[in-house]
Amino acid sequence: MPLLKAVLIGAGHIADSNHIPALKQLSDRVDVVAVCSRDLIKARALADKHGIPSAFDNTTDMYRQCAPDLVVICTPNNLHFPQAMEAMEHGCHVFCEKPPAISAQNARDMANLAAQKGLTLAYNFQLRQTSEWSLLTRCQTDGLMGDIYHIKAHFLRRRGIPGWGYFTDKSMQGGGALMDLGVHVLDLALCALGYPVPDQVVGSTYDFIGRAGGKGLMGTWDPATFGVEDAAMAYLTFPDKTSIMLSASFALNTQADIDRNLEIFGRKGGANLFPFALHTELAGELADVHFPYLEEVDIQLKNTAAFLDACAGKPSNVCTAEQGAILQEVVERIYQSAAS
Amino acid sequence: MPLLKAVLIGAGHIADSNHIPALKQLSDRVDVVAVCSRDLIKARALADKHGIPSAFDNTTDMYRQCAPDLVVICTPNNLHFPQAMEAMEHGCHVFCEKPPAISAQNARDMANLAAQKGLTLAYNFQLRQTSEWSLLTRCQTDGLMGDIYHIKAHFLRRRGIPGWGYFTDKSMQGGGALMDLGVHVLDLALCALGYPVPDQVVGSTYDFIGRAGGKGLMGTWDPATFGVEDAAMAYLTFPDKTSIMLSASFALNTQADIDRNLEIFGRKGGANLFPFALHTELAGELADVHFPYLEEVDIQLKNTAAFLDACAGKPSNVCTAEQGAILQEVVERIYQSAAS
Amino acid sequence: MPLLKAVLIGAGHIADSNHIPALKQLSDRVDVVAVCSRDLIKARALADKHGIPSAFDNTTDMYRQCAPDLVVICTPNNLHFPQAMEAMEHGCHVFCEKPPAISAQNARDMANLAAQKGLTLAYNFQLRQTSEWSLLTRCQTDGLMGDIYHIKAHFLRRRGIPGWGYFTDKSMQGGGALMDLGVHVLDLALCALGYPVPDQVVGSTYDFIGRAGGKGLMGTWDPATFGVEDAAMAYLTFPDKTSIMLSASFALNTQADIDRNLEIFGRKGGANLFPFALHTELAGELADVHFPYLEEVDIQLKNTAAFLDACAGKPSNVCTAEQGAILQEVVERIYQSAAS
Amino acid sequence: MPLLKAVLIGAGHIADSNHIPALKQLSDRVDVVAVCSRDLIKARALADKHGIPSAFDNTTDMYRQCAPDLVVICTPNNLHFPQAMEAMEHGCHVFCEKPPAISAQNARDMANLAAQKGLTLAYNFQLRQTSEWSLLTRCQTDGLMGDIYHIKAHFLRRRGIPGWGYFTDKSMQGGGALMDLGVHVLDLALCALGYPVPDQVVGSTYDFIGRAGGKGLMGTWDPATFGVEDAAMAYLTFPDKTSIMLSASFALNTQADIDRNLEIFGRKGGANLFPFALHTELAGELADVHFPYLEEVDIQLKNTAAFLDACAGKPSNVCTAEQGAILQEVVERIYQSAAS
Amino acid sequence: MPLLKAVLIGAGHIADSNHIPALKQLSDRVDVVAVCSRDLIKARALADKHGIPSAFDNTTDMYRQCAPDLVVICTPNNLHFPQAMEAMEHGCHVFCEKPPAISAQNARDMANLAAQKGLTLAYNFQLRQTSEWSLLTRCQTDGLMGDIYHIKAHFLRRRGIPGWGYFTDKSMQGGGALMDLGVHVLDLALCALGYPVPDQVVGSTYDFIGRAGGKGLMGTWDPATFGVEDAAMAYLTFPDKTSIMLSASFALNTQADIDRNLEIFGRKGGANLFPFALHTELAGELADVHFPYLEEVDIQLKNTAAFLDACAGKPSNVCTAEQGAILQEVVERIYQSAAS
Amino acid sequence: MPLLKAVLIGAGHIADSNHIPALKQLSDRVDVVAVCSRDLIKARALADKHGIPSAFDNTTDMYRQCAPDLVVICTPNNLHFPQAMEAMEHGCHVFCEKPPAISAQNARDMANLAAQKGLTLAYNFQLRQTSEWSLLTRCQTDGLMGDIYHIKAHFLRRRGIPGWGYFTDKSMQGGGALMDLGVHVLDLALCALGYPVPDQVVGSTYDFIGRAGGKGLMGTWDPATFGVEDAAMAYLTFPDKTSIMLSASFALNTQADIDRNLEIFGRKGGANLFPFALHTELAGELADVHFPYLEEVDIQLKNTAAFLDACAGKPSNVCTAEQGAILQEVVERIYQSAAS
């Protein structure tokens, strides 16, 4: 089977430390031929570092010269939509960083185009590849959970406003803690329920700490230009009466530096995801089950491989274009509820 | 100052172990003159046990013979409304067990009558008297919290469906985990925000475990007659954009036997209520403050005293008739949302 | 159904604190009519303390006057045999303290007579009634263990040579740590395997610390009259290739004051008994299962009830006469191996 | 003093990571001149990696060309015997990996030839060089233990069947968990007692988990070709009435991933080896002694040096040919007992 | 041997809960015949409670009517001197509460009179009877400590200003934390060194928290009348170059509610007293020795018995009149140093 | 601004691992031009390792050829005085390792010359740059401590006599544990009080363990040449009645390998330095404040920068010449008290 030709758009940290190493480890399936960035010097440097032949500062040249089979998009959120659409217009599969886009309509259009073109568009929610998530899925399959009816999902940082990049710029990122952190656990929660579209969405967003400034645990941020929410909370209900409680924060007056977890409640058993524990009844008694030897996995490598599986038409648990559109709609409805 | 004459309606556990001992310790302010119960034998036994002169099996005789100044209502939830209305019609102050009633309209009528008659009607939410709540209030007053904008409140039992009484009978109790447990932490959460009326209320209720049966940690329940929710979750938003996340359960597949807490997030500091901790910035650093020597208090005694203060027109932090009406409305809106 | 008439032989601690309270709680099934002891004053005092009508200093009078249905034997080990035989000759069921006897032949004769007379002879191994053992049994039944092939059983005290009674007198007790402590865990281990008769038995006994003296944690013992083993270890193999490792000590230079446990290894899962934990594979991963809410049970009450069930021909997990004979044979073979 | 000329037979992991680095650090006493392996490429690569001059694919050439003074044998267990015999026939001292051989007779023949030739034959039981074992020995010498009379020794893995090499091939290894792991703790236990020959040996072996397959913690094994025991238990008694309980497993349904320990019981004190603790009486009280600052030692380096000491006729605690023969006999008797 | 006739002066808590119960348990050696207090009602009530025949409100009558053999003094510190002198003038042995007196001269005079009269005067420092202190003494005797050269002694409370009695009244108590708490650990420290008279004494006292008020953990104190030190620190050196560091507080901004300990440093070993641990070298390694099973003792009973032993001329470790005089001199020199 | 020219005197570990790396990181402010050591080979090697141009074996040549602006002195304690004096005579600022000197007079002369010449002489007490000390200072400034009145400072090693260098040579080092370790915590304690000159100084020194030998945790020392104190304790009082308790040891029979801490007691709050905790009253309750996210800092880099700030006339918290003279006087008075 011939190798797929891949290009990356965006030459930042996530390309350098996540996507390129994963693609390189999958060199029996994919050949990385170019890096494209508005900043040619960055693109060139990254290409050289990883032994990638070409570097471009515009996609036009890149598509013409490389004719890639697939495109990995690692740019700010507001560029996901135009770049993914352009890539699909060139007949490329697309592996796009999360979140899908900065509006629900964009994500919907992206999904529609992918469907129309018969292309694979997928989003890089790597937590789906953790040992904990694999185990949760296995517990569901093996009937240890029973039907799931409620999920509490949170991804909270005490003072983790990133001090670099565009994370506090709403026009580029589309939002703050919810867009950057909340989507990870929201994606998992939706997965556990079968990715339904919610009935009701109610939510709140706050920016008090972000706009006041203070001690930073992930670099220092500028309160004056802080334009996104530092915390978002929401409640989702679904047609089958299941529900999700969601919390995400860049900054919140809580104890732990960082706290990321899902509590998943089913009729037979409940699970705590990080660290994994199963709470159920066994042998007629309430039982707590721990799994002490879960494997450490390279979640980016597994997710990139899952994307390649999807491109090849094989079963894959990568986040699909359709799921991305649903998730983006949920995010937008949370922001709308908070603003109303 | 002459002693107030008090009577109790209801001769169950809560009268015996909570209200009567508290009233007896406050014998310089109140004189317990009668116990009234549909079951005269129970009423008589309880009166004798505590040295209370009279016992009745109907309120008509009781009001005629005793002419009480105040009435303590310790009956099933569905009786709170008729008994409180009757008491106020007799010109009595009323100290009523929680929850206020089984419908919002009842609680509203009760509040209106109290206002109209100039009587004190109060509800026995004793957690307001814990050292932890006093300290939270003091932290708010001392400016250690800043404006509070979000609260996570939960009161969860893993398998704590009470195996006695009417707890699983909807017609008598009006509901399950939310009515019995959730109202305690909801009352505190509303207090922390100034008892506003919510804008939006969305919620869910479940009864899977209750109807399936299983291991009980508070006696054994009968799945066949289980008629209430075993879990309720809700999200409340308020006109000033503050919000509350609420969870309550009699049964849920979680780890702890029982878990009751409020996490209260303010602009300057956040607090964890049980056990109490304050998370803030101090001397330019993120700081966690613990208070190792909080006093053990008799919360029933303090709450009964607070009710007597209210009767006497003194400042009091007891749950007022108006607050009870708001809380009951919230509860009803949660049930309505869950049913819709 | 008429009440069974019960008498106790022996008026010591075990009668006073274990058997009589249990029998009294079972007053709907059994009526305790007499206590018999060589020391009439002790017998009288014990009978009075518990409201038992008669006291005797010889069994002849007792049998003649009381005509009991069942006899509970609470005397030193060397008396179990003659007293049980006499009781059965009088047509009585017998509930005998552990160990069955001080020789294998005695225990075999006792079992034979019980079988011949169609009477219930049972031994008071109460650990069979612990929540942990019930759970182990349930795990076996539910297929969570798989076939069990090896058991490590121990009951070790660091310096727990009893400073009272006849525990160090070989002629009365027949042995030391193995007779007093080891038999408890040996009985459970044999139960878990189906009470097979071993192929090979090899063992060792020691008395170095007992004869040297030292710090006592259960009273002070006299090294000069110390006549039993302070420690016994053994290995048992069975025809189906299963095996048991057994250790018991009154005194051993180990860390814990007291350490009593069984580790039970099966093909599918292994269990640790005290505290209970199950080690197995679940959902494709190695799993440790804990049961945090095991019930506290009155093991004497349950064991006495189990004996009464056996007398009534109902299913019962009490230690039978036949099992007692097998266990006593194992004990004797351990002593023989150690002495050879 | 001239340097001894050393050669290694076997070019696997143990040669590469243990023996050669140790020999190289002892370059003032020994000169490594060759590596010999059936696979010349492996031999050459290993020699080059460590700067060793010669590589051979047969011992004949090697002995002729190198005339070594000592041979280090790092091959599968079944080759220890022929290679050690050949080496001694060439007048070489032999440092042989554990276990000594795959039959008791082989190990006996090896010891006899060493004695006859006046050569040093020793086995690489490196745990003798741990700080814990040195301390145990010192405690014995200083009289803190008193005479030792019982030892519990175990080396248990929960799912540690090696997924590489020949560990599950009975013809090459001679056995499984006992041959690979059990011998380490058995050697120490025998040392503590003065390396006596046992009176009685009874044991059991199992292979249920190995043949059923499952989760592996040390690579994945093939249940179909699993030909050794996954667990072995044994009891040894000695002419002076001392005894040893031994357990070893590649796979057992227990909690810890790996658990290796000796509990050593003496008349005055008892010791736990890993981690080291002494349990005794001091100042008239029961005392637990911990030694918080034991030195980390390079046990291979110390054991190789001990072998060289033995070659030079100096005092040494390396495992001797005679001890190896006794140990191998014990192992064989355990297998025989298990098979009978 | 005839019983000694004892009387108590002082009818407060320490008499009621410590001295009388101890004396009553020693009824084979001593007969308590009277209680004497300025407040006859209190004296009478206490006497009745414990079955003591007589009660007095003046010592004159008491001595005349009772002719006691020994007197137990349980009054405020300033009365120890006159009452002890009077008792000895009446030929009585004296068992006096700590501290000996409120001035060094008083304590010296008391010791002199005792010596002159040949009477036993002793002080009730009960910590000398703890298992920990007995063990320390035994470790010294057994040579496990070596010569002791430095001791750190402290008795610190965070907010433990007693809210009752005369503890903050300097005229009655002579001082605060040092007089009440510090003397306990100072007495032990001096004992460990052989009760030498110090060369140099330098110290400091503070009263900032006591005079400022605040949260109380042992009742509430009145800052306005707070007349003693809330903290005292001192350093003592002795002619043989040994030294003591001493700290005592009623109130200090430290973490623990209460912290009482001695660290005792010797040439061979060091000991921590509460909880007891020995730090030494054993078997060539640094060793920490713990004694997990120290006996719980009734230290008042043992100290009263030790006093009676002293009266009978038997060996006794009770604090002697001479030791009390030395201790009181040290206390006075600390206060003088602090004031200079 | 032109770069300052720096030279180092002394080519040992502290120069190599602390001073040169710090100076190199500050290359925008300082240029290291030479290393000077009596041993030219060492000087040359160190210079080459760090890319420093010149190496000298005498200061005369060094001053003539390099004309440095500042000198860093990293030699044994007895050379600090002559080398610092010479440096200042050459008009150089001096950054001198701690302690300042081996006599109070030397340190006083050094301070006087610095003042007279208008040069910066500073000592390298880097603990002043720890996050903990910065936070303590900030707490003082923010009024969280109140006036500080007592400090307990200790720096204790159990068996940490350095096995290398001159640490046990009194003529070169001037002393032992106090000179090497005690000065660090003494400097901080004096800082917290404003660096007052004490009223009274009383102290003790010991050398029992050092002269006896034993297990070493920082290399092995020679008891025969051990010429310094292995432990020193002292008490200091100041004109304003504040006080310091000081302990330092190379060897002491205590539990922890190493224990370094200051407990600082103020009127409002007390602080524990390592790890940092604040103990105070907040919201009317006793409160313990922890700061979980203190920054890890390069304390040598910060201290060298602070020295350069001082040279440039900027505010700096480096230990000044005057403070060094006071500290050295305290050390000398402790030794004098111990010797008297």
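Letters A, B, C, D, E and F name the chains as they come in the text, with residue numbers starting at 1 for each one.
As a convention for this text, a contact is a pair of C-beta atoms (placed from the backbone, for glycine too) under 8 Å apart; a residue touches a chain by one contact, two chains touch by 3 or more.
A quick map from chain label to UniProt name: A, B, C, D, E, F = Dehydrogenase.
On a predicted model such as this, the values are computed, not experimentally measured, just so you know.
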Inset, instruction - Spell out the chains that contact subunit C while also contacting subunit E. - result: B, D
Inset, instruction - Give me the fewest steps it takes to get from subunit A to subunit D if each step has to go to a chain it touches. - result: 1
Legend entry - Chain whose mean Cα position lies farthest from subunit A: E
Inset, instruction - With over half of the numbers shared counting as same, classify the subunit A/subunit C interface as same or different. - result: same
Legend entry - Interchain centroid distance [CA atoms averaged], subunit C/subunit F, Å: 69
Legend entry - subunit D-subunit F separation of Cα centroids, rounded to whole Å: 51
Inset, instruction - Averaging only over C-alpha atoms, locate the centres of subunit E and subunit F and give their separation in whole Å. - result: 42
Legend entry - Shared-contact residues (touching 2 or more other chains) in subunit F: 159, 215, 217, 284-286, 288, 292-293
Legend entry - Set of all touching chain pairs, with the criterion as stated earlier: A-B, A-C, A-D, A-F, B-C, B-E, B-F, C-D, C-E, D-E, D-F, E-F
Legend entry - Contact footprint of subunit A on subunit C as seen in their complex: 135, 138-139, 142, 144, 278, 282-294
Inset, instruction - Report the residues of subunit C in contact with subunit E in the complex, numbered from low to high. - result: 215, 217, 257
Inset, instruction - Name, in rising order, each residue of subunit E that touches subunit F in their complex. - result: 146-147, 149-150, 152, 158-159, 200, 202-204, 206, 208-209, 212, 214-215, 217, 231, 233-235, 237, 241-243, 245, 247, 252-255, 263, 265-270, 272, 277, 279-281, 284-286, 288, 337-338
Inset, instruction - Note which residues of subunit C are touching subunit B in the complex, please. - result: 292-293
